[in-house]
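Below: the structure, in structure tokens.
Chain IDs A, B, C and D follow the sequence of writing; residue 1 opens each chain.
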Amino acid sequence: QPAAPAESATEDPGAEMEPLTFGMVLVGPKNDRGWSQAHYEGGLFVENNLEGATMVVFESLNPGDKPEATLEGVVDDMVSQGASLVITTSDAFEEDTVGVAEKYPDVIFINSSGDDVLVGGAPTNLGNIMGQMVKMKYIAGCAAALATESGQIGYLGPLINTETRREASAAYLGARYCYENYQGNDPAELDFTVTWIGFWFNIPGVTLDPTEVVTSFFDSGADVVMSGIDTPEAIDGTGQRASRGDTVWASPYGHIDGCDNSPNVCLGSAFFNWGPAYLGTAQSVSDSSWTQAWDWNLPNWDDLTDLSTTAVGWNNGPGLTADMQANLDDFISKLASGELNLWTGPINLQDGSEYVADGEVATDNEIWYLPQLLEGMEGPSE
Amino acid sequence: MRIRTWIVRIWPLVPILAALLFTIGLLVLFGADPVEVFQAMWQGAFGTQDKTLSVVAFTIPLLLSSLGLLLTFTAGLWNIGIEGQIVMGAVAASWVALFMDATSPVLIAVEVILAMLAGALWAGVAGILKTRGGVHEIFGGLALNSLAIIFTNYLISGPWQPPEGGSFFGTVPFREISQLSRFADSRFAPFSLLVAMVALVMVFVALRGTTWGLKLKALGQNPRSAFLLGVSSERETILAMMFCGALAGLAGAVRVLSWYDNLKQNISGGIGYLALLVVMLAAYRTLWVPLIAFFFSAVLNGAITLQLRTQLHSSLGGILTGVMVLFVLLFGSSKALGIGKSSEDEALEPDTSEIES
Amino acid sequence: MNDSELILILASIILQAAPLMIAVCGETITERVGVVNLSLDGTMLMSAMTGFVVSLKTDSVWLGFLAGAAVGALFALIIAFGTIRLRQSQVAVGFVLTLLGDDLSAFLGQNFTHIPGPVVKFMPIPVLKDIPILGPLFFNHDMVVYFAFALVGLTWWWLFRTQPGLHLRGTGERPEAAFARGVNVNRVRYLYTLIGGALVGIAGAAYSLNVKIGWAEGHTRGLGWIALAIVIFGGWSPIRGAFGAILFGATKALATVLQRIFPEVSVVAFNSIPWLLMILVLLIVSSESTERIIAFLPRPLQRPLRHLLRAAPPMALGKIFGGK
Amino acid sequence: MRVEIRDIRKYFGSVKANDGITLTLEEGHIYGVLGENGAGKSTLMKILSGYQPPDSGEILLNGQPHTFDSPLSALKNGVGMLYQDPHDIPPFSIVDNFLLGRDKRLRLNYRAAESELKELSSKYGFALDIQAHVDSLSLGERQQLELVRLLAGGAEVLILDEPTTGISAEQKDVLFNSMRKLAREEGKILLLVSHKLEEVQELCDHAFILRRGKYVGEMEIPCPNEKLVEMMFGQVPPRSERPTFELGDPMLELRDVNISTYRLSVKNLNLSVRAGEIFGLAGLEGSGQRLLIQACAGLVRPESGQIILDGQDITSWSYHKTRAVNVAYVAAGRLEEGLVASLSLTEHVVLAQRETDFFVDWAASGQDAQSRIEHYQIVGRPDSTAEELSGGNQQRLLFGLLWNKLKLILLEHPTRGLDVRSTNYIWNLLYQRRQDGTAIIFISPDLDEIIERSDRIAVFSGGVMSRIVDAKTTSVKEIGHMIGGQL
């Protein structure tokens, strides 16, 4: 442990604020260019902006990679290293987090993307944080619709659950709107196919191989692929495809620099930015003002790439042409002003049943717990 | 001559040390301080009572699988399918734990029995594929491993998914009564240790003191002769596989009933493969297996703390064990290297000097 | 699905099968000379990682492939030394190397995961690529694919039409006879085990540089085992093996397509198709009952069918030379 | 060409295979090399042909010392050897097999090879089907193929190690004629390693005798057999007379049995063997006699017909079921199919027991093993492994493992590679078995053995079984012709 915190504490004007050690438990590798890396960078953001804060990281905590490790064991270690805040960054850890929260009542636990607080009955030292990725998915979907010439969009889905259904559907809503209003096409003609690989990332022999799914999207006529998985196969595959002379685009997911892998085919990436939320939590924990909450955090509409404020973001890609960009900006401003709410009825589920009645607007809960994909989307719902 | 016999005696340690040196070299390469590393690993394994307990707890499924493998190895079989057999055992146990209503002892009994059955059956499939279909158990096993994991994923994302929707991460936690009672809220269930010890004794006796063990040995050395001497190759092959599968299934049950408390995807995470290494490092000697299983478990658990303390990639544990087995395999027997070769040895060994040189 | 789309899909299958074809050729050579290199899965992970990192640092894919080949040869050398000189079990050494390669690649490659790097240039062959069907299928690819096909042909020719090839096969079938005819059995085994390993290494690099661009932990996990199975299915012939590789690619593509056609079926179900097929295929190749079924068919059919479906491994495969 | 072998020594640990052997070979002669099992014949020949280096000693060709680092270098210097088991490659086509190791050019030149093969084989009166694969050839043809290969390689000195075991009378004549031709007309030197004095007398003009690795003398042939035998064994071993025996009721009956594999099919076998009878089956390898034995043992299923043992129908029973009703099968390959190389004698005894109880009493089994070792005069300890035993001792062990009170014993090549002493011993064991009314059926490539040991004989040729002849009235010549197909 560095000696720094001690001094910084003395220099610190805000007196009794003692240096904070916090644990960060990742479900995947900390450099997966996606979900886990975003959390990890969120942690770094805290370290850089909170005097004396130090992060203890544990990556790839899942039975497949670490049969010998358990959340409890890891948390024991973190607490023994002085952690007073532990962030578990997957709904895989929901139950276990509740468990350790009860075991360590005076340590604060954050389970990102979990919903115990929303459901109720969670221990009082446990909170949930999630960003409203759906909003960014609207944008990603819109960008896709603006780019497509064949009218076929492929969505590379991970596994099927409420969260992934929610985000795929959001992307579809955005796409349908822009396909109709900016491209002036009949939304019924938009072909939006979701293919689920079976997990958040590629597990050879067990999931579908994302690279192959991407290829088969293009082979079957799609010219835009959106990624919903943790790793960058979509953008990589698209880049390679483009290098073979096809005009194709991709929209990666999860990390702000998602475009870097091959910029010129990239429409932009929707990403999580956990920094602000985690910083807030860390501060409130260290000045012991933290209170339990279920935070579904909003983007900063004024600047979707401002890492110090926005919870989720959209980073325009080099692949966008000028007029695509113009339309997209217009769409974003509509969303920002709230003049446009894509969850306004009539919205039907994939099986044709009505979900949001004409003129109604879906509630947060309805959006969070979306039971199926929406009408007009192709691909399995269950 | 003195020195030579002396070398021969301490030789077994040489590969182990070599493996350690290799790993240290790797650490230095990545700018880590070996001392700190091994301290951290020691802490992680035996620093606190909880840690020691989880080392023990993790040892048990590993030990059970290794014991099973002793049988298949003796019969000359490479039961790589053990990974899938563990998974199927876990699935069967989970099924009972999730859906059966009974008192705790009954539940546990049924869970254990079904787990063993499931593992045995899954192994039996590989066995039959070999004896009837001529499909080598390595490939049959690999396919069955993936199928088992895919099957789990189907269950936890489909029929067995938690009410709030399948997330592929696991089923709901089992009721307390359907889990093994643990020691001092650790993950170590004394019952499982008991079972493992019984298994150890049984395997030891089976291999040393029974005609069945002898049959397996004959089968492993020369199936054709064994058959003509009255050993029913098919029966014994499948039996060996199924007994191994049963123990693996048991290991799977221990995984879900005491290590975890629900069925997760890829519940085994390579314990089966690890067990193969254990048995190889033990040079197929029954009594060494428990020690080495424990050692492996300690190394891997130590690697957790290692990662937390030093942020080093936790595959280090795997590398250390892997290199160790490789070196022992290659340089383990001083005879193969021509060191301390006694004259009888030479008489028994077919002469190939003209080709060797 | 119209037929132009079908051709596209087939072309992609061929592209993705190319590295597998290379690996299969490599292992076929190794096993033909009597050595089982079971470490393919670990070897390919290591070479995929090394290949990617090297080409990233040197910004040259060719050096990447070279490095991959070197790693493959190194692993093969360990196998050869351990089993030819030290007389250890080929399966044991191979299996340990498999697991070791997996962990080692994860450790050494930890700072290079999921980052962009150089890729093999697309290189359609001018005139040929415009031939109707065949053009897009075979001549609209990159060096890796062309190399794969060339390699398959070359390997076949070398094995079955040349004097060294005869030495190679003789050594794998009956080393003592080959020795009696002046073949230096162990040198030949070292040589071809290394060559085979190098090819497997190239295959690994071909994944990280061309087919599954980039590196990540366990990037090619499982494919090595698949390659080993395909060698058997290929009856130790590079050409049959190449078909096997393409067939395998096709079933995986099928799994993807089926999900779109049957959304109601559980997504996971389709992922099991390749494995079920693997079992089935191995059954056909090695099961006695296939022999009986063939025996029922009219005589003229029997020989070609046996040739197509059945296969016996080289007689001395996995055996140590010098034993009684 | 003149070959001198000077003071050759080769030790295998404790075993002195060759212990200072010196011989001289002159152009145009056919030499016999005689000696009991393990005398060191094969070892010496392997050294002369460059397969093994000697520990010490030297080989001179025309006065020049030569060291052969491989069989090929020996062949280059004109020394070629035909091994006890031909060193060819069964799965190969004949041409591939012929080409392997021949021309140095990259591309294989099949046309040239084929014509050369044809030319040479016709020259020495061999009829080889160029298109066939090696594994479809009979042992005799495989030897011919090897010979052709050696001659094409320019062999001036030809070594044949026990070439006549397992080949037909015709093939033997062809072989011997070609050998004479090679020596007399082409002035080559030939060395014949054999256990069969008759052959040596028939073919050779000079014989060397080895014993326990040492050179014990040489003889001009022809000379009385007794002298040779005396030199080989030190003293003349008692010639075992076959005790006459009163045969019992039929023990085994085959009623128009048909067996077919996709290699060979044997049609309507009818045969009745009586209790205590010894029934010999002659024929080239792969003529069907082995199928018959294996059908009786339950190792192959007959297509149709009945096999009746002591009144009980055992048609298409499994091997183990058949075994349980006291039918024993002893295969040809000892360490391949019979013994487990790395298991101890005790372990073999335990495995082979009639009914095994679940737990092993090692102490008792050890004693059991020891008593068998004594009873069957096996050179070994209860804890020595099967592979440490010598060929003959392995065979003794196999017999030591047989249950007593058997109804039927099926034997393949019961005395292959054994010297007279071991052979007699084995047969005496079998004669004793008849007392229990055990019927014995055996296959042997050695016609003398068949005629000498059997009561009745059947000959197989191309899957057809001949009429059954009486051993007392038939002759090697007659059997030889029947093997040739004149049934």
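The definition used in the following text is that contacts are C-beta pairs under 8 Å (C-beta built on N, C-alpha and C of every residue); 3 or more make two chains touch, one makes a residue touch a chain.
All figures in this text were calculated on a predicted structure; none of them were measured in a lab.
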item: Neighbouring chains common to subunit C and subunit D, by label; value: B
item: Pair exhibiting more inter-chain C-beta contacts, A-B or B-C; value: B-C
item: Rounded Å distance, subunit A centre to subunit C centre (Cα mean); value: 38
item: Approximate Å spacing (C-alpha centroids) for the pair subunit B, subunit C; value: 29
item: Where subunit A and subunit D are represented by their mean Cα positions, the distance between them in whole Å; value: 77
item: Numbers and ranges of subunit A residues touching at least 2 other chains; value: 60, 65, 159-160, 198, 205-206, 382
item: Where subunit C touches two or more other chains at once, by residue number; value: 110, 179, 222, 266-268, 271, 275, 324
item: Of all residues in subunit B, the ones touching two or more other chains; value: 146, 150, 153, 157-158, 351
item: Pairwise chain contacts under the document criterion; value: A-B, A-C, B-C, B-D, C-D
item: Footprint of subunit C on subunit B - complex, ascending; value: 26, 78, 80, 129, 132-136, 138-140, 142-144, 146-147, 150-151, 153-154, 157-158, 273, 276-277, 280, 313, 315-316, 318-319, 322-323, 325-326, 329-331, 336-337, 350-352, 355-356
item: In the complex with subunit C, residue positions of subunit D that touch it; value: 51, 70-73, 75, 83, 87-92, 96, 99-108, 262, 335, 387
item: Residues of subunit A that touch subunit B when the two form their complex; value: 56-60, 62-70, 72-74, 76-78, 80-81, 90-92, 95, 115, 119, 159-163, 198-200, 203, 205-206, 382
item: Touching residues (chain side subunit A, partner subunit C) in the complex; value: 29, 31-34, 60, 65, 159-160, 193, 195-196, 198, 204-209, 211-213, 215-216, 218-221, 231-233, 236-237, 239-240, 243-245, 260-262, 378-382
item: Residue ranges of subunit B in contact with subunit A within the complex; value: 44, 48, 50-51, 54, 58, 146, 149-150, 153, 157-158, 164-170, 172-173, 187, 259-260, 262, 264-271, 297, 300-301, 303-305, 307-309, 311, 314, 317
